[in-house]
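Each structure below is given as structure tokens.
In what comes next, subunit A is part of two complexes: it sits with subunit B in the first one and with subunit C in the second one.
Let's look at the complex of A and B:
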């Protein structure tokens, strides 16, 4: 190929790209699709265009969201029914609504409530309109999650049905499968469940043992196996089931690979166990599901045979971010309830709201709610961009942050009420029990931290390997660049990534926080490089190192989200924007110092790092499977 | 049979669950950033109209609201509940504050004639001003019979049987159509606007007109002097016996 030909070809390509760019209404992402925001942080880079300005919805979409929120909020609010009612007008409070206390006590969601949820259209929020659903964007879905999260059992039931149960059909289903199953799933006539977990395979999903063997006439797969802890297992008639199938490789060998199937209860051989007795979300149905020689037609393979693992991962990644908005909705409600109490309850002749330790709790809850809201809607906005952006890391960050914040904040809220908070008459103990599961399901927080850290490190590693290769080949430019960067670092340079200043993405009132973020990101990138050089591939084993890496990343994404959102709030003139700026700056300061600590702990000979001692301690404990210290009263005689 | 056409008037008010706060300048209550929704009695009126349509007694239900742009949200809710189309009588926000029952009644009367409706349905009163006048005034201006505080409505040919809740009990009237009916609490339980219906309602039309187009004069002879909080409740006094109670009441001149 002549140089001339290559030149002409690339000229033609750029002309076409330009034409496409000017004709499209939304600006095309000119960067390759792999370059999402969080991954680039591992290289010490802030991809400003991905996160600034904070995503906005069109006026049309905003009006639509406002219309939807009304009836759903009405349905979920219990107080509304009981206020401004005189004795004569007591007929008013007969409207069925959500009685969370009753749902928790009885361990089930009443049928009338489920029917109302179905008629409201909440069973098919993300099913496309042409299949009878509401076709909500990720942003709108997140907004609805804020209201539905007011009752955890309902939220989990709906999420298991549509965020994972039927999501596979939307993501990778064929036209026939979509037309056949989605309409009745959207109306709620059929309920769906997601069947991946088995007694011996939780986090280690790839090790599942349920098998699907092709029948002799090649028309069916015969499904055999047991799944455990399946939400909606007792209610569902459509199951997305993952099983091992034998796949013939190109070289003649055969391997066991996971395949996803759409299984109808009517196929026969599908049974479920009794509902599990859970700590929280007691209204949600969780049980074992068994498949005994279930005949699944080959048309019901979801995606490709052998491609099931990827399908599972995509499904789980797609719904994860909404936990942020769901928890934020719940926290906002809790802040209202506890503030009411703190301002009226008096001790030592002062309302509780005047005591510092109580005030601290409110600042904490508001801050956490603000952060997770910002992260959730930032991620949703990114996901709603055209093309299929990969935001799995960002979604994982949202999940980890919101689940842990939920547990912490509900506990603090209960604490504000003191003894009353402990009583079942008040909703706090139920909300605490309900929120514990958030750290476990949808990917345990431990696994997600490892995922976030390793994915980022892998991304950085690939580029690092390329650079190391160039250094080895004596590429002069690279060598000069590396040397000069090392020199700059030792001289202590000022980092500037374009967030501050006149044309900066962040509003000047948060310039300090933006500088802290840039500094953290820069040193994070350098630390990542050092870690990769130090550990190489064995970093997979170093979970405590990975944990710190993940925690820093979570903070960085959080800081970015709040700075982006607060900047928009000021520039748009939203009410109480100065409160937002205060929240953002406070959070960034705390996160900055947490990051500095974590970064210093990642240094090779850091005195703050007690990882080795921790490993030794746990070895000694687990060897004897007990606490091994001699009793304090023991003697040697 | 299905010849009747109904006009339902709906009002956008501050949501009944909201804690009202008076503006510091005493010109009114705080409405900025406060949650608004359809007046609960208007919801009952819409529900009744839609039920009549479902029973095939009414052919078309038109929802109307007077006020600034945000009224369209309320009309949309009526459409989502089952109304066929909407009319928004646009009144700029500043003027809308001075809209009283007489002005709205003039608009509704003109619209009822223009749209040739047989039935005008309204809530008995709005929960913000508690006037309880618009329906009655509309009937007066149209010279139509009225059935107010309706707790039951039945269509009997060209007549309307209305059961009313009054202080003494229940009163049943028979009105010749066309008529005006205002709805009371126990008439029905309004349905939720489901999300699929909200989506369908997007395709329904809302016509925007001005009061001037109907030849209605919105000037009011009433002006609000001041809006204030009711006085704080003072503490009560506990007494031990009935005699003490009687003595105390005599003391403060109550008996």
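Let's look at the complex of A and C:
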């Protein structure tokens, strides 16, 4: 079987020359403009060049991807299982193929499956080729994620290994560190884990307790502390550990700062607790990891001493975009399975598929899958642009949207099956449990919404400083201009940002949707400006406002992605492009009205804005720490 | 307020209306004038006994014709409901025409507290049942217009008023009895309707509800008081000292007088604040301050410090590398607009932090020092902080403002001794640290 992996890797190498060619061609396709798309939305602008046309892979890249995808897909799908049974070495392969049900029940991925994953090269997908990995681009990585996502436990194990576990070495590791660790990590001989969370420290870096002190001979750091909820904690040999160290400042004082370390299990003093009992992704290994006087050589500092915070942020930001395609893969599979059921199961002499409320669910699932797929590949395409563009905001948007869509769609799929869906005989309850974690890990959705909104507002706020200052100081010209613009807006402005029309970026069949997007973007820009004038830098405390801002942004990015993708499909004549156009138009209409609602909720005096009531309600409840209403049966006499 | 007070002074049937109208809200209104007029008219008698002084103002002082029915005073035997019921029955049997029932009812109302029945609705029903039925009902328009049988109606209102003062809610049976006795358009009926309207609305108006009856155990009572003082629900109540149990074998020795109870409360935030407190700056034990729990008064002490002078204050800065996921502060040059600044413009006087509170059985320094010792177990830093006692003597008015005391020497009665004691105490504290 390892022959297959070798084959894959040689295929990858043979494609490398072509890839070099394609990468040199890439800049020609899209403009090298470094301006991020999502940030510009906050100013009410659409950075067309960044998102139109939809990123496309060349024929050679496409062939390369197909080569990788084939065997992996076979391995993950049940067809693969059946065909291998009939094939030569059946017994071993049967055990090795993915049996998600068994993984969930036993709470462990069987060793044969892990070996097979390693031989397929899946442990080193993004490791550069010179270190023995597959060296996949972000787009190709997203494509692979689509298949791996069929089993959540495996997806999480692989993601913890390479999206965060060894990512630090790729991003900031020195040449020596790369040469020393990456080859064995890429082959899967060593498994990596990312150790950041502590009992007292989730998102708060200041409360990290793990400490690394420099030994007297200045050759080692002595690492002490505990980390919790470490995925792969029991399997891993290489840990990326974040700990506080004393750093001497320029002015002679010393300060506690976070430093990242590469820690091998063989350094000694590394122990792990027993695997946690979880709701979902039960096959992945999550446990506590303790470091007791672990001696870490100074060469193993990742990045600079005291520079761990930036390393952590970079790693976390870089790993998020792939969730979109991973979830999309799972959703596509679910749609297939539930559609089969809905068309065969009969009630009142009619198949379920003829009932409107069932049809609605399929439309919803397809729409969500389409949107997240579009966003994921658009973002992956942006990330593959030369010059390491910063797409962390877009990645966060993809993560938030796809995780919530996953939870909603799996729940709807379970609903289609009714009582059967609730039974363990069907995979839906497992998928439901598995998908719940998506909203929590890699930054909870709440936190990512804050990130999206605040990053964008920071960008817009800087550029608007001059205007806001003039307004606040009562500059008559600026005030008059603002007022006249507001007046013009209320009279019904025609917003045109050039997405439609002759030779517009969006195909005419979606012109209506494009106009809706333009209108939303324009008024979003206005609202952001108003919010900045109202709250200034104290907007950080207005979390409910920020949530709405983030929600609008997510919708805007999603609308852009589907319009871009559907336009490309219809122009290049892909099959079923009319279906895509329909999906895009439906989604855009829905998102447009959602945005209008959210925009009006952001308006200070609108009746839709109930933020103050919500705050008061929660304050009353939290004061008493209980539900304080009288029982409906209570009497006063 | 003044008009409420004026109404009872109008004598005659309007007085009843006033009493019925003023309702629960005006029960604190001094009713002394009314009582005098009333007494003059109905039954002059000896000065009210202390036990009945707080009962209904409409109850006239006794001519006491039926006193013997309730037996000799409370010393003789157990005063319970059975005896009360027996007395009321005895009145009914002794006197088929119920002669003097108004006086009897007034007497019974006064006696209710002795029998512990002031919150017993059935007992009130028993009294209302003493009224002869149908006799006092108004039968014509004119009878309804003028008060029919004013003395009896007044008595009926007095029963209801006593119910009201003790928070007893009338029910269907009360209504039935009143209808039978006074009829639909009588003053007691109106009083009943008003009670029913307002009682149900005011019943849950108190944001700090207390159990009824209040616990007699001083420890539990102190716990209730401290919970009211400290809004933080994470705060922990600690009993630092329980009173020595009364020794049953040797009854001559009452519980040690120098072992009063000490109950304290401290929230985690207060504990944290005390941990951060600069040991060079003293903390103060101040008190006693009164706290009323329904009809009981407890006194509490606080452990507090003076506010930090501005030059010592360190502005807490959010370090830049704090949040792994999103920026904690925006790098912008402008703040909140004036139209969105919801803070009221209040002149705030900075008060020092309060670190802990306690309710103790005694208010002397020794007891409070024991509390501070107990606090040191959970707050190790307290051992190194000098503690000053600023206690108001129990005879004087309790401290109302600690800021003015900050400039004065402590107000404990013999200043030189007090000083010495404080110094001793400080030494002791530091020695322990």
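As a convention for this text, the second predicted complex is superposed on the first by the 557 of 637 C-alpha atoms of A that agree within 3 Å, B and C clash if a C-alpha of one lies under 4 Å from a C-alpha of the other, contacts with A are read in each partner's own complex, and residues count from 1 in each chain.
Heads up, the rule we're going with is that contacts are C-beta pairs under 8 Å (C-beta built on N, C-alpha and C of every residue); 3 or more make two chains touch, one makes a residue touch a chain.
Because the structure is predicted, anything quoted here is derived from the model rather than measured.
In the superposition on chain A, A:575 makes contact with subunit B only, while subunit C stays out of contact range. Shared-chain residue A:53: touches no atom of subunit B or subunit C.
Contact with subunit B, but none with subunit C, is seen for A:119 once the two complexes are overlaid on the shared chain. Shared-chain residue A:275: touches no atom of subunit B or subunit C.
The wider contact with subunit A, measured as residues touched, comes from C rather than the other of subunit B and subunit C. In the superposition on chain A, A:66 makes contact with subunit B only, not with subunit C.
Of the two partner chains placed around the shared chain by superposition, subunit B is the only one that A:75 touches, whereas subunit C remains out of contact. Subunit A uses no single residue to touch subunit B in one structure and subunit C in the other. Remark: subunit C residues 169, 171, 196, 199-201, 203-204, 231, 233, 319, 321-337, 339-340 touch subunit A in the complex.
Interface of subunit A with subunit B (complex): residues 63-64, 66-68, 70-72, 74-75, 77, 79-80, 83-84, 89, 91-92, 94-95, 116, 119-122, 125, 129, 134, 575. In the complex of the two chains, the subunit A residues touching subunit C come out as 196, 203-206, 257-258, 309, 312-313, 316, 443, 447-448, 450-451, 454-455, 457-458, 461-462, 465, 468-469, 472, 532-540, 604, 623-625, 630, 636-637. Across the interface of their complex, subunit A is touched by residues 16-17, 33, 37, 73, 76-77, 80, 127, 185-186, 189, 192-196, 198-199, 202 of subunit B.
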